[in-house]
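Taking it in order: structure first as structure tokens, then the write-up.
Chain IDs A, B, C and D follow the sequence of writing; residue 1 opens each chain.
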Amino acid sequence: MQVLLKKIVEDSKKLTCQGNVASYIPELSKANPEHVGIAIVQTNGKVRCEGNYLEKFTIQSVSKPIALLQALIDNGEEEVFSCVGMEPTGDPFNSIIRLETFDGSKPLNPMINAGAIAVTSLIKGKNNEERFNRLLEFFRKLANNPDLGVNEDVFQSEKNTGDRNRAMGYFMKDLGSIKGSVEEVLDLYFRQCSIEVTCLDIANIGAFFANHGRDLKTGEQLVPVRYMHIVKTVMTTCGMYDASGEFAVNVGVPAKSGVGGGIMCAVPNRMGIGTFGPALDKKGNSIAGLNVLNELAKELQLSIF
Amino acid sequence: MQVLLKKIVEDSKKLTCQGNVASYIPELSKANPEHVGIAIVQTNGKVRCEGNYLEKFTIQSVSKPIALLQALIDNGEEEVFSCVGMEPTGDPFNSIIRLETFDGSKPLNPMINAGAIAVTSLIKGKNNEERFNRLLEFFRKLANNPDLGVNEDVFQSEKNTGDRNRAMGYFMKDLGSIKGSVEEVLDLYFRQCSIEVTCLDIANIGAFFANHGRDLKTGEQLVPVRYMHIVKTVMTTCGMYDASGEFAVNVGVPAKSGVGGGIMCAVPNRMGIGTFGPALDKKGNSIAGLNVLNELAKELQLSIF
Amino acid sequence: MQVLLKKIVEDSKKLTCQGNVASYIPELSKANPEHVGIAIVQTNGKVRCEGNYLEKFTIQSVSKPIALLQALIDNGEEEVFSCVGMEPTGDPFNSIIRLETFDGSKPLNPMINAGAIAVTSLIKGKNNEERFNRLLEFFRKLANNPDLGVNEDVFQSEKNTGDRNRAMGYFMKDLGSIKGSVEEVLDLYFRQCSIEVTCLDIANIGAFFANHGRDLKTGEQLVPVRYMHIVKTVMTTCGMYDASGEFAVNVGVPAKSGVGGGIMCAVPNRMGIGTFGPALDKKGNSIAGLNVLNELAKELQLSIF
Amino acid sequence: MQVLLKKIVEDSKKLTCQGNVASYIPELSKANPEHVGIAIVQTNGKVRCEGNYLEKFTIQSVSKPIALLQALIDNGEEEVFSCVGMEPTGDPFNSIIRLETFDGSKPLNPMINAGAIAVTSLIKGKNNEERFNRLLEFFRKLANNPDLGVNEDVFQSEKNTGDRNRAMGYFMKDLGSIKGSVEEVLDLYFRQCSIEVTCLDIANIGAFFANHGRDLKTGEQLVPVRYMHIVKTVMTTCGMYDASGEFAVNVGVPAKSGVGGGIMCAVPNRMGIGTFGPALDKKGNSIAGLNVLNELAKELQLSIF
């Protein structure tokens, strides 16, 4: 198995020259495009790592499923889905255009930026600091890592350059999908996206999803199975931007990618997988990560279909 | 189990008054809205039926996954997906508008009408009669029913009133997604949609999908596993019109519905399910069928997520 | 004046190398891209011509305002605008996408293809032959040329390759904007577009528009002033495809262009202008024609604004 | 003439019950829906008024053509139209959706909100105060009224509730159509919309447009004729929201309406017209104003077509 991982990582490293690291903020553009890492956490607790698995990167959109879980816990299913839809969409990761077309004037689903911002606006707390601390604690628990924290440089850059997200925020404020201060919601959202993780952290989160919301060690049911189903479903249908359909065919498991280079996967009952590779393809997905997962899915027959 | 099925069918019958049978052609509007039937075929061969499971109805859009399999067998994956995409979409079942926006000028996926018409245009044969006969034989084999045939009245009505499909056909002809005669392709497509089936027929087809393309009796691999994966994936992300996301959350298995009132499901490794209930909700899905499957999914823990 | 025209035509000839003749059917691609002609017919009857003003070309979209007049005469304003809108649109000449978005499910205006097809479907006659003969007689009267006829080769080619127009026809049939046979409507529409004219013919038509619907010789009011206003308005706002705004700023008179290379202008109370130049820019307008009209508008202060 | 005006105003008053005053901010909702006023300023200096012509209201979108003139004077034609298009659009006054579809990523034209905000961002000044003072002076000169000023209550309310405009501002910032601070641009834009005027003020502005940019008294050419043409053209094609086409047919002169109840018209070479009537139809145009202008256009044959 370790031999297999090593070979897949090496083969994937060769493909990284075909992509580019995200460059919309200077902090992301500093990443080494040749880095490739993988971590696997089985639901029985076994862990395997290979490549640059100790490298830190910002979680970015991989945070969306976790924030959605927190919002569901805080508000219940009905409240959350009154502000955001659950229908698939093949739209690109930076689209604003379909907002207005959606029936009921809400974003189509929680994995696109607009929907994720609406979801983050639902996290409870008496002020933004409390909201973020609650969210960070939840991330730490799922990742089994009490040291998770924010990369302040990335956070500040995201905040300074986030005009498209700001546009969506004010648009949803106008539509009523967001209550309260748009700037506060965006502050919280950018902070959530700037949490620093390693492959192993997101593999642990993936294993929590694979284990249907039960803590791997204690077996305690931390999140209702129903909420886990919801989140894994939207990950499957919309987790990989407009390559979600292709990914479902090739790999066939719930997953979420981020422009920081991470991909988090959950193979139900079996394992969580975290991959890292900051060189992205045109759709915003990690080139090495996709290749690692394609190969692994074939070798280990991971598809749920 | 039989008691459970009986109770679920009875409960679902009460909901049928909330929907309406399809009425765009007279033949469909004659269906009895109170009919509810279910058939389950396990991959080990066991069969269970309940309610109006002997009632015949036209297969309509439930034919799309089967035609896609045939097109894949006839042309290979690359050729098929040069004419149609595989990305999810939450669009309604009768939409024409997104055609032109799609990158590469092809329909978004094979489960929407435009995509399904493009797929049907790829079925091989020296003339339309041979093409249809090949397709019908394939349906008969998967349904384990040599007597399947076309409802000629429905076929003629579909053909006479199919102006929206005709518009899509000529548009794709202009884009190059369809070669050959549009009228011939539509003739074949309408004929495919007019095949008459029972719950049991589509449950058998579902079982074939659940069995990864192997014949249930002989174990022979009739269709490559890769093609089965492709089709089950697009069923999961786009099989239930713009309620696909909600269905994936609630039931969580690959499925396809049709306006004739049928829903075909494939529970990997376990069973195929066919439901019938001609009273449809506003999105075009069978009201009773949805309820039967929601209940069954809870009781039998069917979700793949 | 004649010196001025000669200079403008010569200058415009130099620009023709920047464009291309329409090539979607072989007959149009045979046109000589260097041809440039102009004809001016003043409302007092004076005529001036220069360049290739005797060259014949097919009228194509320049037919749209005339067919709209005929449809208004045959059906009245209310009936016509129940099938087509009168709001401006900057969409390209071959767009199908906005059809479905339009409030009331009708095409936005009579100068886009979809709208023009709906308009043509309203022309009265007991069969298609009578409808076309009535329309042709109207063209002959406005052009003051009893010899106008159809280029049969162009007509046949348009008919054989018109799948995009066919798509729009069937879509409007489905929406109810077109009654009767789509193929008959398209036959009539393609025939109307294939009428052969010279610059002088369309300059005469322009003069009729400039004269508010009165015959230039007899002074007889052939078409109500109200209908003339309607048509000149939609020409101003949508007559030059998605360069209509720019043309209104630069030239400032009601005009209609066609991919055959013609542009017809009406300068209220003063003159009709017809230009010919088959080399088109990317928006489908004649490059030489645009330049001739820009120069003339400056010299003669033609703008109505 | 005065008798005619009186009759038209009285007839129009009866229609006001069919509309509603704007209510998105409390200040606008306080307007008396039965108010109807008109002022006509001929290019020879003669003035006629009738009805509630002394009533003050905020200029709102009627400010757009004047701000566009100022931006053209400050930056030239090329610079302005690198940030905003000049193509007509029939979209409603509050649309955000077409922004992204536009070729070159700029708003379609300067009469829609997004385009107007981009235009306002181009007004020169070393800070926002200077920018606004320059703009206000320009308004005062064109309106021949040194006392024009801002309604501070309306300004504050616009600023507090302008989330949709804020969304558009940040979106254009992201696209590069707006440089500098979005909040400053919006502050300037809301201030410009909150200038208080009477019918007579906007009739004077209309007369300046009708006089091709020459001062009515001194004959001095204050604004180049070319810029006047540009602005009158976009007023004609897009000045009345998505009723621009219908208005051009019925009235046939360059005009701009605002949700404060005003409509400003320019009849080239003849007169400026200002109407006031705060009861609006569903498209955001003054019901009484439209009727006054329809009647007047018929009586005085105002159409430029």
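Note that a residue touches a chain if its C-beta (ideal position, glycine included) is under 8 Å from a C-beta of that chain, and two chains touch if they have at least 3 such contacts.
Bear in mind the structure is a predicted one, so any value in this text is a computation, not a measurement.
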Per Cα centroids, the chain farthest from chain D: B
Equivalent interface to A-D, taken from B-C, A-B or C-D so that over half of the residue contact pairs match: B-C
Between chain A and chain B, centroid-to-centroid distance (C-alpha), Å: 32
Chain A and chain C, separation of their C-alpha mean positions in angstrom: 55
Distance between chain centroids, defined by C-alpha means - chain B, chain C (Å): 47
Sites on chain D at which at least two other chains make contact: none
Of all residues in chain D, those that touch chain C in their complex: 85-90, 108-109, 228-230, 232-234, 236-238, 242-246, 248-249, 252, 254, 268, 303-305
Chain A - residues contacting chain D, complex: 95-97, 99-101, 163-164, 166-171, 173-174, 182
